[in-house]
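The same subunit A turns up in both complexes below, where it pairs with subunit B and then with subunit C.
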Partner chain A sequence: MKEVSEIVEYCQGLYDDLEFTAVREWKDAEPGRRVIGYLPVYVPRELIHAGGMLPLGILGGGENLEVIHGDAYYQSYICRIPRSTVELAVTNRLDFVDGMLFPSICDVIRNLSGMWKLMLPDVYVRYFDVPQNYRDDIGGSYYVEELKELKQGLEGVCGRKIGDDDIRRSIGIYNDNRKLVNAVYDFRAKQPWKAPSSEVYILMRAGMVLPVEEHSQLIQDYLAAAEAENRPMRDNCRIVVQGSFCEQPPLSLIKSIELAGCYIVDDDYMLVARWLLEDVPTAGDPIANLAESFIKHSTETAAKYEPDGSRKGKHLIGTARSRAAEGVIFAAPSFCDPALLDRPMLANALSRENIPHISFKYAENSGQMQPIREQAGTFADTIKLWSEA
Partner chain B sequence: MSTKPDVADVVKERSMLMQKEMIAGNYDQLTMAGELGKKVSSTYVPGNLNELIMCFDMLNNLPEINAINNAMRKKSGGMIRDAEKMGHSEDVCTYVKADIGNMAKGSIAPNGKPMPAPDLLLLSYTGCFTFMKWFELLRDQYGCRTTMLHVPYEGDGKITDNMRDYVVRQLKE
Partner chain C sequence: MTMTAGIDVGTGAVKAVVFGFEDGGASGIEWLSKHTAKIRQRDPFRLARQTFDTALEEAGVKKQDIAYIATTGEAESLTFSTGHFYSMTTHARGGIHLMPSARAVLDIGALHGRAISVDGRGKVLDYRMTSQCASGSGQFLENIARYLGITQEEIGELSLQADNPEKVSSICAVLAETDVINMVSRRISAPNILKGIHLSMAARLVKLLRANRVMEGDVLMTGGLALDIGLRAALNEELADRNVSIEAFSHPDSIYAGAIGAAIWGAFRYDKLARLGRLAKAS
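This part shows the complex of A and B:
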């Protein structure tokens, strides 16, 4: 059996590697292999996989990438992920990527899709506009056609038809992966001292670059190793992290929250792996199944319109309750309108339920963690000392 | 020595004057909505749903225009600060905060009269999530009905049949 340290070291290596060596090696292993990059927050990776291609999650450049060119493309008052993603492109770190999907998450990513077309005219680029209307006969049928168009575009990249059986098989493989991802989240919520979030995070990040089958195996190895490892339980405060669904926090921020005395028992870091809340059926029309799952069983996040005002915040409250969380930390990227404009509504909903919360902002390259440690530490102490529960 | 020209000397184009007149006329109508017995719909400029609103004989309140109008008259600083005091982040869209701050101050139109609360929030979403969150926030404050029209973004610069059908189905809904 593998040791936790061995798995963590492997994941850390993948996380640190801004050249995407593992993906390059995968691509070079067989002629004709193709890689499709995607940005947060959700794309149906099943379709990419069904075409025999590797979906590559691109989550910006992180804390170690020096952004020089990227800043020249943007005004100062927007978040960092588009700058560092441009930096990755102009420094040829993504020169092996055959296609890029830009999901609808905000106008920054939307406009980046247009820039990509101008910058890299030979790369297949698609702005993937998911419906914000969740009625079967309205948004549902629109989404079915969107998926068909996407499939057609992907067929152009992989050079073959993507058959229904291919998609069904991929749906099954991603269902398995999602179950395993959820198993890690459940395991961490139950015994957070055995699965620190700094480990869980890079384990999930590995899923952005590895073939899904390898990632599923890695998760199984981690679960077995983490269960077997004897780690002391601390009297930490259980918190949910909310608002980090697009530009990612530096790993040091996650470590700082933990060092400050918090166990993260749920988060919204890489929603693509947990977007669908139920298995996608593997029988029947696979495109219709993917669409129906999206329309009926997708998670709640700031990237979605909530048509019913009375439901605002219910999902977050439900998560906090089901994870037995004692508080919520809103941690959002600076200048992130979707997360930051959502926050007051969610915060009010939490206050109405007497769930404590605090908020701070970050950039993917934030370096100064002392204020974060102080805030998170004070929050944890406040809950432990003054909470009525 | 150069001196700053007097604003009164600036020659405006006819279209500017006409625009000014139209906007002022809309504000006059809005602030008299009660007397006129008209319902008010708040909506955005992109997505342009004027024809639809006019069909129902409703008036148009355009929060972006309110925000920019207040900014041009140097009124929005205080409004933005008020919204920040209410918990809004200092680095989010100032149009949203100016609107929310204006609401807290009684939604005073440029003619000095209060604007009525909207009867309907008609959200035309065209790919900018700020719009979506903005109207969720307004709905939270006004508690009024919100209807959304999602107009897909033309990523490839062309309107597909699927996009058109989606918009038509939403309009029929």
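This part shows the complex of A and C:
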């Protein structure tokens, strides 16, 4: 059995590698292999996989990438992920990527899709426009057409038809992966001292660059190793992190929250792996099944439009309750409209339920952790010493 | 008796205490032992373990007898602790334990100064902290003492002998050190230099108190500089000049305030977790 340290070291290597060596090696292993990059928050990776291609999650350049050219493409009041993603492109770190999907998370990412077309005219680029209306007859039928168009575009990249059976098989493989991802989250919520969030985070990040089958095996190895490892339980409070679904926090920020006395028992870091809440049916029309799962069984975070104001925060409150969380930390990237515009509504919903919460902002390259430690530490103390529970 | 320990890893020193509690502290708190060690470029975590072990030995107890090992300061990463409390929380509680009448605590350590207003339970009501600049901190004062060729223990007494103190003009450590070098070349006496530094530090600390809206009552000095009688005198002079009804005090065990607060909050948490059936266990 693999040791936790061995798995963590492997994941850390993948996380640190801004050249995407593992993906390049996968592509070079067989002629004709294709890589499709995607940005947060959600794309149907099943369709990419069904075409025999590797979905590559691109979550910005992180804390170690120096952005030199990327800043020239954006005004100063824009978040950092598009700048560092541009930096990755113009420094040829993504020169092996055959296609890029830009989901409709915000205007900045939508505009990045247009810029990508101008910068890299030979690369397949698609602005993946998911519905904002969740009625079957409106958003549902629209999304089916969107998926069909995407499939057609992907077929152009992989050079062959993507059959229904291919998609059904991929749906099954991603269902298995989603179950394992959820198993890690359940395990961490039950015994957070055995699965530190800094480890869980890079384990999930590995799923952004590895073939899904390898990632599923890695998760199984981690679960077995973490269960077997004897780690002491500490008197930390249990918190949910909310608002980090697009630009990712630096790993040191996650570590700082934990060091300050908080066990993170749920988060929204890489929603692509947890966007769908239930298995996608493997029988029947696979495109219709993917669309129906999106419309009826997708997670309700700030990344998803909720027209009914009275429902705002219900999912977050439900998560906090089911994970026995004692508080919520809103940690959103600076200038992240979806997260920051939702935050007051979510915070109000939490206050009505007497769930303590704090908020701060970060950038993917934030380096000064003292204020974070201070806020998270005093928040943890307040919960531990002055809460009724 | 329930025993808890508090370990405070500061920038300059490590402090450890062991306390005994009857009925979760309701029937009494007994201070069993204390120990401190200067870090002096040693591994602070190894030193924390040694200091803790010495405190256990002095209390005549073993690690497994300790119900809750609480850390504070920079000790988050200590692997053998039960829980960690932020230093502001522990200095507030430790300050109230040492001086129940205090309504504010001035934690003056090697790197930072903090003004913390507290209620009678030791709950933090508000706080302000100096910026990252090291001027106005214990480390700065220690450096100046070394340049002047005097020991840290002599600083307070010498400062009290000043007759014409010269304030350092800057809040930047680098420029303040330049100021001191100029004073030495101008043959300003060591007492006047030290008193000037104390007055500059005191002015910054009083600003923190005022920003915290602490306008009256007793203030307890904690942290590594709490026993510096020169700084305390300068602080009271500065307070008097500002016409506020605040008096600054220190306690012989002021440097242990963080560790004391950690141990007391550890006992509180142990009691609470026991009631909730959620006791954490130290490794």
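In the analysis below, the second predicted complex is superposed on the first by the 389 of 389 C-alpha atoms of A that agree within 3 Å, B and C clash if a C-alpha of one lies under 4 Å from a C-alpha of the other, contacts with A are read in each partner's own complex, and residues count from 1 in each chain.
Here, a contact is a pair of C-beta atoms (placed from the backbone, for glycine too) under 8 Å apart; a residue touches a chain by one contact, two chains touch by 3 or more.
Quick caveat: nothing in here was measured; it's all calculated off a predicted structure.
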Inset, instruction - Report clash or fit for the pair subunit B and subunit C bound to subunit A in the combined superposed model. - result: fit
Inset, instruction - Would you sort A:261 into first (subunit B), second (subunit C), both or neither based on which partner it touches? - result: second
Inset, instruction - Classify the contacts of A:305 with the two partner chains as first (subunit B alone), second (subunit C alone), both, or neither. - result: first
Legend entry - Superposed arrangement, angle subtended at the Cα centre of subunit A by subunit B and subunit C, nearest 10 degrees: 90
Inset, instruction - Give one of first, second, both or neither to describe whether A:366 is in contact with subunit B, with subunit C, with both, or with none. - result: neither
Legend entry - Which superposed partner A:381 touches (first subunit B, second subunit C, both, neither): second
Inset, instruction - Go through the superposed model and pick first if A:248 touches only subunit B, second if only subunit C, both, or neither. - result: neither
Inset, instruction - Determine, under the contact definition given at the top, whether A:85 touches first (subunit B), second (subunit C), both, or neither. - result: neither
Inset, instruction - Please determine whether it is subunit B or subunit C that touches the greater number of subunit A residues. - result: B
Inset, instruction - State whether A:175 touches subunit B only (first), subunit C only (second), both chains, or neither. - result: neither
Legend entry - Closest approach of subunit C to subunit B (Cα atoms, Å): 19
Inset, instruction - Under the contact definition given at the top, report the residues of subunit A touching subunit B in one complex and subunit C in the other. - result: none
Inset, instruction - Give every residue of subunit A touching subunit C within the complex, in rising order. - result: 232-236, 259-261, 370, 373-374, 377-378, 380-381, 384-386, 389
Inset, instruction - Within their complex, state which residues of subunit B touch subunit A. - result: 86-89, 91-93, 96, 123, 125, 127-130, 132-134, 136-137, 139-140, 143, 146, 148, 150, 152-153, 155-156, 160, 162-163, 165-166, 169-170, 173
Legend entry - Residue numbers on subunit A that touch subunit B, as the complex places them: 77, 102, 104-107, 110, 113-114, 126-127, 129, 131-133, 135, 137-139, 141-142, 145-146, 149, 302-303, 305-307, 309, 312, 332, 334-335, 337-338, 340-345, 347-348, 361
Legend entry - Contact footprint of subunit A on subunit C as seen in their complex: 68, 76-77, 79-86, 88-89, 123-124, 132, 265, 268-269, 273, 276, 280-283
